Amino acid sequence: MIEDLHELIASRPAGHSLPRAFYTSPDVYRLDVDVVLRRHWNFVGHESAIPQAGDYLVCEHDLDSAVVVRGDDGEVRALANVCRHRGSRICSEPAGQARHGLRCPYHLWIYNLDGSLRKAPWLGPDVDTSTLGLVPMPVEVCQGLIFVSFSDEPLDFGGVRRALDDALGSFGWSDATVAHEERFSFSANWKLALENQVECYHCLPSHPEFARVHAMARTGSEGAASDVMDGWAMQGEPGAELYFSSDNALQGCALTGTEDGEAVGPLMGPADATGNFVVAYAGIVNHFLAYADYGCALRYAPKSALETDLTVTWLVPNGARPGLDYDLERLTWMWRVTVAEDLRIVSENQRGVSSSAYRPGPYVMPIESKTLRLTDWYLQELSGAVRP
Amino acid sequence: MIEDLHELIASRPAGHSLPRAFYTSPDVYRLDVDVVLRRHWNFVGHESAIPQAGDYLVCEHDLDSAVVVRGDDGEVRALANVCRHRGSRICSEPAGQARHGLRCPYHLWIYNLDGSLRKAPWLGPDVDTSTLGLVPMPVEVCQGLIFVSFSDEPLDFGGVRRALDDALGSFGWSDATVAHEERFSFSANWKLALENQVECYHCLPSHPEFARVHAMARTGSEGAASDVMDGWAMQGEPGAELYFSSDNALQGCALTGTEDGEAVGPLMGPADATGNFVVAYAGIVNHFLAYADYGCALRYAPKSALETDLTVTWLVPNGARPGLDYDLERLTWMWRVTVAEDLRIVSENQRGVSSSAYRPGPYVMPIESKTLRLTDWYLQELSGAVRP
Amino acid sequence: MIEDLHELIASRPAGHSLPRAFYTSPDVYRLDVDVVLRRHWNFVGHESAIPQAGDYLVCEHDLDSAVVVRGDDGEVRALANVCRHRGSRICSEPAGQARHGLRCPYHLWIYNLDGSLRKAPWLGPDVDTSTLGLVPMPVEVCQGLIFVSFSDEPLDFGGVRRALDDALGSFGWSDATVAHEERFSFSANWKLALENQVECYHCLPSHPEFARVHAMARTGSEGAASDVMDGWAMQGEPGAELYFSSDNALQGCALTGTEDGEAVGPLMGPADATGNFVVAYAGIVNHFLAYADYGCALRYAPKSALETDLTVTWLVPNGARPGLDYDLERLTWMWRVTVAEDLRIVSENQRGVSSSAYRPGPYVMPIESKTLRLTDWYLQELSGAVRP
């Protein structure tokens, strides 16, 4: 496999999409998860979703699962969602309350909110329970956004933090409220889903609703952006997480990213950002959109060589109430419609790429430059990781 | 694998069904598709379904997909259904109209009906678009029946053409009309589906409706056939596609292959063929039945080691109208009922063959001689293809 | 694989649950079925379900299938459910009547009830039909319970027979009647399903209904049991099937294992066993519970590395009639509820064990001693079987 892989990497024509096996092979997928993505950060949710001690969120990534829980000391911690007894998953719901400790429902082992084992029925006094705490995982919080890594040695988060503080600081995200969350399943490799996510070449033909209010659909994202912070998918600092952010114009008189361009509720943050929106990437799989009156967080999670989940979280100003301050249908309309279209086009892309007639094709410059950077970076990472 | 394969091939007792792995192994399946079936022809549909420039049909085979489209010049062409940009499938429906060119919905690359790239938004003038046409695929039309091959070097079609012209010429198929098309999915290896298709030993116990009006259910197909053209599944001409046709008697006073043996509509073609029916094979996976008043085309398409699709197309005389000239339910009854039975028996066959207690059993001569020829030929092809 | 396997076996910390691959790998699963489980016995059903010649039951195990049929001579025989002609499954329903012989529906080969081939249409006189009987399989009947093995060299049944006679003799199971049978599917490896089945550590937190009437939920099974016969999952007699039985107390005033502890119908057998219940294991996958008024048989059947079926059969006294002598809902309530809970906890166990954060954890002694014995025994068997 490793030997084939070097050949496979070498077979990719410069500037073109990847050879088929990168999008279809279960062996490549295993390397993707274990080698390429392992050290990166994954968006879990917003701090406002876990205000009290014991409140938790669950984050899944491939076959792994983490519980992000607020401790009695107010700290947010991430713990592997796997009982140290016989390995049962502890929390099976996406979110919940564990004020009295994290209880494995199977044999009722109870863990403190810092992960240490509090009580295990029938366990003899000779067993050293200090070694039986839940496996701790790296966690970071920035602008209210919680991230976990599924590696012991995660990438340095500093650059991402600076970029998110700079890009989102004026939108008041740090004390925003979660309005809605929804999960979608793509029948496609995670790389095809992300290649699609980072280019707006397809916006005009495939996203007419988005194109009506976002200028980048006509210009390509690069041209329309100002205030760019760019540390994304390049061989910049080794060991550092990737980031990107840009300030972008809305189309015509649109104030925000809604069906009619009108605001759907109270504005977010100290500054009035109507007419503009910010796009920020934190790591590989997490994308954020900040509009004047709402925010949108997208996280892609690989499930298998041919399946990828996408979770979309909508943010509103601190304390804004559905039905009173905003209408949930109007708030979520743009990205529900856009993601539904992405589901279709990305799965059609996978079907074509899976066929024997597929040949890598040329990315169109400069409008697909981020897609090219993503795939170039990916091959570089994979190549480095499997170097003989 | 290759070494094991030679052993596996050698382990098959002469005159018996194949050892288990040929019916279950994903590795063998891959060779089946890429080596044994690749150069053969696949029935796509009837010319009458694409009368106008831009009319197209889609044909799937394993993970591959072809668009068969009528050009502005009236020619029928086959093109890989894969955009040369990022590999998206272009046509997602089984049939449609592309008068203004084949448009990839993803980024709106537009191809002329001959496959050449007409327009790609944002693509710079430095890119040589003449190399970015849709990959052309071999296509043949005979008696109105359209065939494609998924290989650059398809088998010679001459023998098939002569056989079909001879067998079907008097049925007026070249200007027939498609009355109906239906797709079925078998939970079985493609070889089990075909072994079943080419013998009528099972007709009496498993197809009572078919047996009532087809004499071969009582006699075995060989005995009842006259006017046989036989170039099928034998080591005849290397590089030539296989074919077979025979003229067969209906049972008793039956005029055609319907529930009651009565004609369901106007007769097809110049000659009156009541009381008889023709069976023709073109290649491995395509089977045709010509009755006096209707035609039936069956194409098997392998999907995985344990899944096979079957598409059935019903033909009626040129211009015949449902409800007026024929009743669609009556027209399609015999082969809907028969295929539904085949679905059940072939999937039960697969379940037994998948078990560890399965041992190759003796084909019964002469009534299963075509099934034996098929499996003998298959092993020969496989053996040749992987010769050290 | 074999080399890796020795390392994998060696990597298991003593007294702990198994390393991940034993619960997830398709390669290990194949060895489990072909090497570890092959020679063991599988409970099929109760004799009373096949009183007449030609009555049969079907038993599935991985991809294998056996027909257990009563012969014209009254004997119960087991035969591979695979036609010797082209390998079709012969009986597709879980139970049925074949008074006139076992007929393969495909080509109507007919077998006598002893498996010999009676008739094959069109088969020439030159074929030696004496070699074409259905493959016979080992079968044992004890206390009315029918067992089959899918190996030519099954483990010796003597110890099991003595244990079952001793444990169940006073419950009148040999002439019991089957009241109900139900099949459940676990999304988990068969070993996780069985590790769960053989410990009652989880009963108190996970089975409140069971715990209300079974004392072992509070004490752990070992402490509460008397009259123990123990030849289970230890390196005792090579070549002998495993067995275990114990007599256990019900909780408080409960008379039997029902929702309210009250009897649901007439008592079984010569002795009054109210207030107690017997647990018996026969082999690895078959578990029996004998209450004063009903019996319950559980058989686990592996389907793939991540799927296991469980069939539950309820027994009542000879001739007891639903609606008159007992209420079927009340009779089956306890074990329907308990198995539904097991379905959930075992699949949650699998999800945790599948994740990269899983590490083998310590079994808790003595309450999980059978689970430890099971896994120790399993590794021993696997290790012996693949010894270089």
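When the chains are written out, they are named A, B and C in that same order, and each has its own residue count from 1.
Going forward, contacts are C-beta pairs under 8 Å (C-beta built on N, C-alpha and C of every residue); 3 or more make two chains touch, one makes a residue touch a chain.
Just so it is clear, the structure is predicted and the values come from calculations on it, not from any experiment.
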| item | value |
| --- | --- |
| Shared interface numbering between chain C and chain A [over half = same, under half = different] | different |
| Angle (degrees, nearest 5) of the CA superposition of chain B onto chain C | 120 |
| Where chain A and chain C are represented by their mean Cα positions, the distance between them in whole Å | 45 |
| Touching two or more other chains - residues of chain A | none |
| Residue ranges of chain A touching chain B (in the complex, touch as defined) | 17, 195, 201-202, 204-206, 220, 345, 348-349, 351-365, 367 |
| In the complex with chain C, residue positions of chain A that touch it | 34, 62-65, 80-90, 92, 105-108, 120-124, 127, 132, 135, 137, 150 |
